[in-house]
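Both complexes shown next keep chain A, but they swap its partner, so chain B is in the first and chain C is in the second.
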Partner chain A sequence: MPLDVVLRGIFSALFAASVLRISTPVILPALGGLISDLAGSINIALEGTMLVSAFTGVVVSAYTQSVWLGLLAGILAGVALSALLAFFHLSMNTNIILAGIALNIMATGGTIFLLYILTGDKGNSSSLASGAVPVINIPLLKDIPFFGTVLSGHSIFTYLAFLLTWLVSVFLYKTRLGVHLRAVGENPEAAASLGINVKKVRAIALLLSGFLASLGGLNLSMAYLNIFQRDMTSGRGFIALAAIYLGGRKPLGTLIAAIIFGLADALGNQLGSLKIPSQLVQMIPYVATIVALVVYALRTQAQVRERMHKFQQREAEIAAKASGD
Partner chain B sequence: MAALIEMREIVKIYPNGVVANDGVNFSVDRGEIHALVGENGAGKSTLMKILYGMERPTGGEILLDGQPVHFHSSNDAIAAGVGMVHQNFMLVPSFTVAENIVLGQEPLRNGLLDQAEALRVTRELSQQYGLRVEPEAVVDSINVGMRQRVEILKTLYRGAQVLILDEPTAVLTPQETQELFAAVRKLVDQGKTVIFITHKLREVKEISNRVTVMRSGKVMGVVQTEDATRESLARMMVGRDVFLQVNKPPVTRGKKVLEVHNLSYVSETGRTMLHNVSFNVYGGEVLGIAGVEGNGQTELAETLSGLRPAATGTASVNGKAILNTNPRTVRLSGVAHIPEDRLTNGLALTASIDENLIVDRYFRPPFHRGLFIDYKVVEKQSADLIQEYGIRTPNGKLPVKSLSGGNMQKVIVAREFTSDPALLIAAQPTRGIDVGATEFVRDQLVKQRTDGKAVLLISADLSEVMSLSDRIIVMYEGEITGVFPDAASVSEEELGLYMLGIKRQTKEEMEAVL
Partner chain C sequence: MKRWMANPIVRETVRIVAAVGLALLLGFIITLFVSEDPLNAYRSFLLGPLTRLNRIGDWLEESITLIFLGLATAIVFKAELFSLGAEGQMVLGALTAGVVSLYVPLPPALRLPLALLAAMVVGFLWGAIPGILKANLNANELVSSLMLNTIALKIYEWLLTFYIKPPNAGYTASDFFPKEGVLPNFFPPIPGLEGVRQTLVNQTNLTIMLYIMLAAIFVVYFLMYRTPFGYELRMVGINLKFARYGGVDIKKVIILAMAVSGIFAGLAGAHLAMGIHTKLILNITFGLGFEGVVVALLARNNPLAVPFTGLAYGYLRAGADVMERASDMSREMVLVIQAIIILLVTAERVLPMVQKRIAASRSNGEGAAAAAEGGSHAA
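Our next item is the complex of A and B:
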C-alpha cells in the first residue's frame, strides 16, 4: 500500500477512534496498578490477572450463554487472583515481586492448559460460542461528523476507562480510604501509629487493582476481540506499569501515558500495511515504552544538570561583578 | 492523690527471648511532667509502646484512673486519651500540615473529605495550645521544630489527655527546646499530663516534676526532680560513676590537612544546599560543625567523602583534590568517614562483622592475595578489633544487623579509626547509642585528634559539638554564618542564635578568624 494512503489513514477519525479502543486495555490495568502502587504494594501480576479474567469471561459466557455472567465471573477471577497475591504478600510475607511473577507464569500456563482441556485447542477459543459486549452508539453524538466517529460506537469498557480515571482520582484524593491508602504507601509506620490498618488498606488496594485489571482483560476477550487467544494480553499489564511511572503516579498522567502507548500501538497497526516486516511493526509499542522511559530518565537528569549549570553561571556572574567593583 | 496512670509489674519478653521489661512499676499523676530516663535498651521505649498499645505486655496490668485497661492497638490507647509523639516523626511528607493532623480521623462532608474543616481545626488547636504551625504547608518543606509541633497537635486532635514525648529535644536547637518546654508547660496548665522520655539529664532537671530511672528492663528508682542531681541520676542510669566531661589534653595545631574553598552543592530538586562554603581543618584539632539538621551538614559530609557531586568549589586533603571523584579515591587520599546514617551508608546489615570491617581494605594486602581474600588475616583483624573496641558479640561471623545500635557504631568506628586517616569526618557519631558507647566514641575521637589527626565533627547534639571541638563553625541554610576560634569561650545560647539565623557574622569577621 502506498505511503500516502497510510498517512491518510493515520490522520482520520477512524484512526483516532482506534487509538481510544487500543488504549482501553492499558488504561484500566494502569489505574489498578496505580492504586496498589500508591499503597506501597506494586502489583506485578496485572498481566496475569488480565489473562485469567479474559479467559474466564469467555469460558463462562460460552457455557452460560450470558454475557453478564461471563463478565461477573471474569471480574471475580481477577479479584480472586489479586486476593491470592495479597495473601502471599501480606499474610505470608513473601516478596510481592516474586509472588507476582509466579502468578503471571501460572496465569500463562494455566489458561492454555484449561483452554486445551475445554476445547482441545491450545491456541484460541474459536470453537466456543462466547459472548461479546455490545458497542454503545451514543445518540446525537454519533451523527456529528468526525467526533461521532471518534467518540461513539465504543464498547462500554472504553467509556468506563475514562469514567474510572475520574473516579479513581476522586477516590485517591477526596475520600478517607484514598487518603489512608496514600499515607500507607508513603509512610506505613505513620499510618499504623494513627490506627490505620496497613495490611487491610494494602489488601483493599490490591483487590481494587485486580478488579480494574480484570476489566482490562475482559475488554480484550469480550469486546476488542470476541475470543480468547493464548497470551492475548501480550505485555499490556507491564506496559500499564510503565504508564503509571511515566504518568507521574497520578490518575490523569497515567491516562495520558496509556493513550500515548495506545497511539504507538495503533500506529503500528497502520504501518503494518506498508512493506515493512510485520515483526518490526509489532515491536513499536514496546520500543515506544522503552524510548518513553529513557526520554523520561534523560529529561530528569538534564533538569538536574541544567539547574547545576544555572547555579554555576549565576555564581560566575556574581564573582565577575564583585571583581569589577 | 490517686495516680492517673499506673503500670504494675509489667513484663515484656520478645519472641527472641530478650527481656525488655522485667517487672516494671511505673506511675504518673494527673497534671505532672514525668521524666522517664535510661540508656538505650533500658526498656523505656518498650514500656511506652505498651502504654500506647503498640506492644502487648507478657505480664502485668495497666490502670487508667484506677480502672484496668487492655490496649490491643494504638487505637484503643488513643480512644482512652493516651497520645504519643515518636522520636522519628510519624508524618506523611507529601501531605500538608492539616492533612497530617487529621489523618486517620478526617472530617467529612457528604462522604468526602472536608479540607476547610481540617484547616479550621488545625488553626484552632494551634492557637489554643500556642503551637505555631502553617496548616497549608507541605510537611516536606517545614523545619524539624514545626514537624514536632505538628506531631503534638496530632495527638491533641485525637483528644489526648496524656502525651508521651519520646526524646523530643534530640533534634532541636536550644531556642527550639525552650519553645517546646514553654508549650509543654502550657499543656500541663490546660490539664494535660506529659511523660517525657529523654537521656539528657539537664533537661530532666529543667522540665520535670518527677523522674523514673530505668536500667536493663528494671526501674532503678523514682525521685522528685528537686531531690536529684545530674550526677545522681547518671549513676542510677549507668550503674557507675560517669564522667560527663570529656577529658581533652591541649595539643598544638598541626599543618593544614583539609582545605575547602567555595564549595557549593545543588540538590536534584534544584535547591542550593551548600553555598560557597570555605574552611580548613588542621592536624591535631577537632573542627565542630553546629547547626540545626537540614542546613547542609549532611551534604557537606557527603560531598567531601565522594558520595555526592559538588556544583562548584575545590577541596583537598594534604594537597590532593578530592571533590567529584569517588569514595574510594577519597578514602585512598586519607579520609575516613563515619556516616550519619549508619544503617544505609555505614554498614552492610546482612553481611558479617568480619566483612564489614574490611569493606574499605579488602582489595589491599594483606587482606588480598592473588585472586582471593585471605580470610585468615580478615578473621585475625576482626578478632583484634572486636577485643580492642569492645564490640559485644560472640564472634565476627554474625551479621551486623544482629548487633545493638551502639555496637553497630563501634564496628564503624573500629573500621574508620584503623584506616590510618589524615582526616576523619564524623557525622552524628553518637546518635541513638547509649551513654557507655557514646563515652567510648567521644574518647576515641579526642584520641585521634590528640594523635595529630584532623577531625571534622558534624553533630546535631550541641553539647557534643561544644565539648569535643577546638573550633566551631555554625551552618545555617547551607552557608557558614559564624566561626568561633575558641570553642571553650562560646555559650550554647550564642551558638543557638547563629543556628537559627538570627545572628550572622560578616565575611570579614569570619575571614579574620579562619
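Our next item is the complex of A and C:
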C-alpha cells in the first residue's frame, strides 16, 4: 500500500475513533488498578477479573436475553473474584501477587472449561445468542464533521471510561475515603496509628478495582466484540498495570497512557501494510513505561533529597535560635 | 501439636500434600458433575502420563522446562524480589539458542555448547535490566519485568517473522534445525543397547538437557547455601534493612540475583527450542513463565525441592493432556485445580488456624495450665 494512503488512513477521523475504541478496555481496568495500587495492594488479577466478567456477561445475557442482566451478572462476577483476592490477601495473609496469579490461572481455565460445557466449543461463544450494549449517537455532535465521527457512535463503555476517570480523580483527591486510601498506600503503619482501618480500606480498593476491571471485560465481550473468545483479554490486564505507571499513578495520566497504548496498537495495525514491523510499533509503549518508571523513581529520589535538605535547614535554624537565646 | 509437626520440612510437606489432595478431590467432584464417565476421565488424568513411553517422555520434557523455570524463580523469590521476568528471559533464550543452532556453521561439539551458552548469557543480561532498575532507582521490579516480557516477546516475533522465517513459508516458523543444532538423546549410544536408544529417540524428545538440569539443581543449591553470595541473598530476603546494616552490598545482590535467575530461564528457552520443538515457532513459551512461579512456590524456593514440585506439576499438566484425549473432560479443569493448590499453599493463615482449632479443643479440657504456657510463649 502506498505511503500516502496509509498516512491518510492514520490522520483520519475513523482512525482516531478506533484508537478510542481500542483504548477503552485498557482505560477501565487501569483506573481500577490505580485505585488498588494507590492503596498499596497491586492487583495482578485485573486480567482474570476482566475475563470472568466478559464470560459471565455473555452467558447470562444469552440465557436471560437481557443485556442489562448480563451486565449486572458480569459486574457481580468480577467483584466476587476481587472479593476472593481481598479475602486471601487480607484475611489469609497470602502474598497478593501469588494470589493474583492463582486467580488469573483459575479465570483462564474456568472460563474455557465452562464455555466447553455450555457450548461444546473451546474457542468462542458464537453459538450463544448473547446481547450487545447499544452504541450511543450523540445528537447534534454526530453531525459535525470529523468530531462527530471521532466522538459520537461509541459504546456506553467508552463514555463511561472518560466519566469514570473524572469520578476516580474526585474520589481519590476530594473525598475522605480517597485520602485515607492514599494514606494507607503511602504508609500503612502511620495510617493505622491515626485510626484508619488499613484492611478495610484495602478491601474497598480491591473491590472497586474489580468493579472497574469488570466493566473493561464486559466492554470486550458485549461491545467491542459481541461474543466471548478464550483468553480474549490477551494481556490487557497487564497493559493496564503498565498504563498506571506510565501515567505516573494519576487518573488523568493513566487515561492518557492507556490511550497511548491504544494508539500504538492501532498504528501497528495500520503500518503493517507498509512493511514496517507492527511488533516494533507495539513495543514502544512498553519501552516508554520503563522510561516512565525510571523518571518516576528519579523524581521521587529528588523529592526525598529536597525534603531532607529542608529538614536539615530547619534543624539548623532551630539550633541557631536556641544558641541565640 | 505432636512433636514431629514442629519440624518445618515435615510441616511443609504435610501442608502441600494436603493442599494437593484437597484440590484433586475438588477436581474429582467437578468431574462427577460434568463427565459422562467420570471414573474413566479421572483415571486417565491421574494415571495417563505413565501408560505409554511417549507420554512419560512428554511429561519429563515438560518437567525439565518447569524445573529450570522453578530454579530461576526460586533465586529471585528467595531474595523477596517479585520479578516475573522468567517468561521474557526464556523467550530470548529460545531465540538465541535457535539462531545459533540454525546459522552458526560449527560442528555439533562446538555449536551445541555455544547455543546453550548464548541462551544463558542473554538470560543473564535481560535479567540484569530489572535488577539494575530496582537496585539503583528502586523501580518496581514486578512492573518492569512484565514490560520486559512483552518487549522480549515482540523482539522474538519481529525477528522470527521478518528474518528467520523462510520467505516462502506459509506459517510463521523457522526451518527445522539442522542435525548439528539439535540436542542428542539423553541415552548414550552404548554398544549393544542401540535398540533401546533407537526406541527412546523415536518416542521421546528427552535430551541431554536432563543432565544439564540435574547439574543446574545442584549449582543453584550450592550457590544459595554454600557461597557468600547465597548467604547475602537469603539475608536480603529475610530482612533487607538488617542485611544493609550488616554490611551487605544490597545493590549488588539484587542485580546479581535477577541476572543469575535469568541464566536458568534462558536454559529453559534453549530446552524448548533445541530439545522439544527443534525449530522456532510463534508462542513457543505459551505462558510457561508463570507456571515456574508455581513450581518455585510449592518448593518454598528450595532448589532441592524444585525437581519434585516440577515433576508433580508437570505430571498434572501431562495428565490433563491425556484426559482431554481420552474422555469428554477438557484439560482446562486442571488449571482450576492448579489455582486451588496455589491458593491453599500460599494462604499462610490456613494451617495456623487449623492448629489453633485443635489447640483450642484440647485446652478446653486441660484448662489454665495450657493457657498460661501459651501466654509465656507469646511473651
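FYI, the second predicted complex is superposed on the first by the 268 of 325 C-alpha atoms of A that agree within 3 Å, B and C clash if a C-alpha of one lies under 4 Å from a C-alpha of the other, contacts with A are read in each partner's own complex, and residues count from 1 in each chain.
Everything below uses one rule, namely that contacts are C-beta pairs under 8 Å (C-beta built on N, C-alpha and C of every residue); 3 or more make two chains touch, one makes a residue touch a chain.
Here the structure is a predicted model, which means the values were calculated and not measured.
> Between chain B and chain C, point out the one touching more chain A residues.
So, of the two partners, C touches more residues of chain A.
> Per the contact definition in the header, classify A:68: touching chain B only (first), chain C only (second), both, or neither.
neither
> Quick check for you: in the superposed arrangement, does A:179 touch first (chain B), second (chain C), both or neither?
First partner only.
> Is A:146 touching the first partner chain B, the second partner chain C, both, or neither of them?
Once the two structures are laid over each other on A, A:146 reaches no partner at all.
> Touching A:312 in the superposition: chain B (first), chain C (second), both, neither?
first
> Figure out whether A:241 sits in contact with chain B (first) or chain C (second), or with both, or with neither.
After superposing on A, A:241 lies in contact with chain C but is clear of chain B.
> Between chain B and chain C, whom does A:190 touch in the aligned arrangement: first, second, both, or neither?
The answer is first: A:190 touches chain B but not chain C.
> Determine, under the contact definition given at the top, whether A:166 touches first (chain B), second (chain C), both, or neither.
neither
> From the superposed pair, tell me which chain A residues show up as contacts to chain B and also as contacts to chain C.
The answer is that chain A has no such residue.
> Hey, which residues of chain B end up touching chain A in the complex?
These residues of chain B touch chain A: 54, 73-75, 78, 84, 86, 89-95, 99, 103-106, 108, 111-113, 154, 264, 266, 268, 270, 272, 276, 311-312.
> Show which residues of chain A lie in contact with chain B when the two form their complex.
Contact set of chain A toward chain B: 170, 174-176, 179-180, 182-183, 186-187, 189-196, 303-304, 307-308, 311-312, 315.
> Mind pulling up the chain A residues that touch chain C in the complex?
42, 44, 88, 91-95, 97-99, 101-106, 108-110, 112-113, 116-117, 122, 235, 238, 241-242, 245, 277, 279-280, 282-283, 286-287, 289-290, 293-294, 296-298, 300-301
> Can you list the residues on chain C that touch chain A in the complex?
Residues in contact with chain A: 34, 82, 84, 133, 137-140, 142-144, 146-148, 150-151, 154-155, 157-158, 161-162, 290, 293-294, 297, 330, 332-336, 338-340, 342-343, 346-350.
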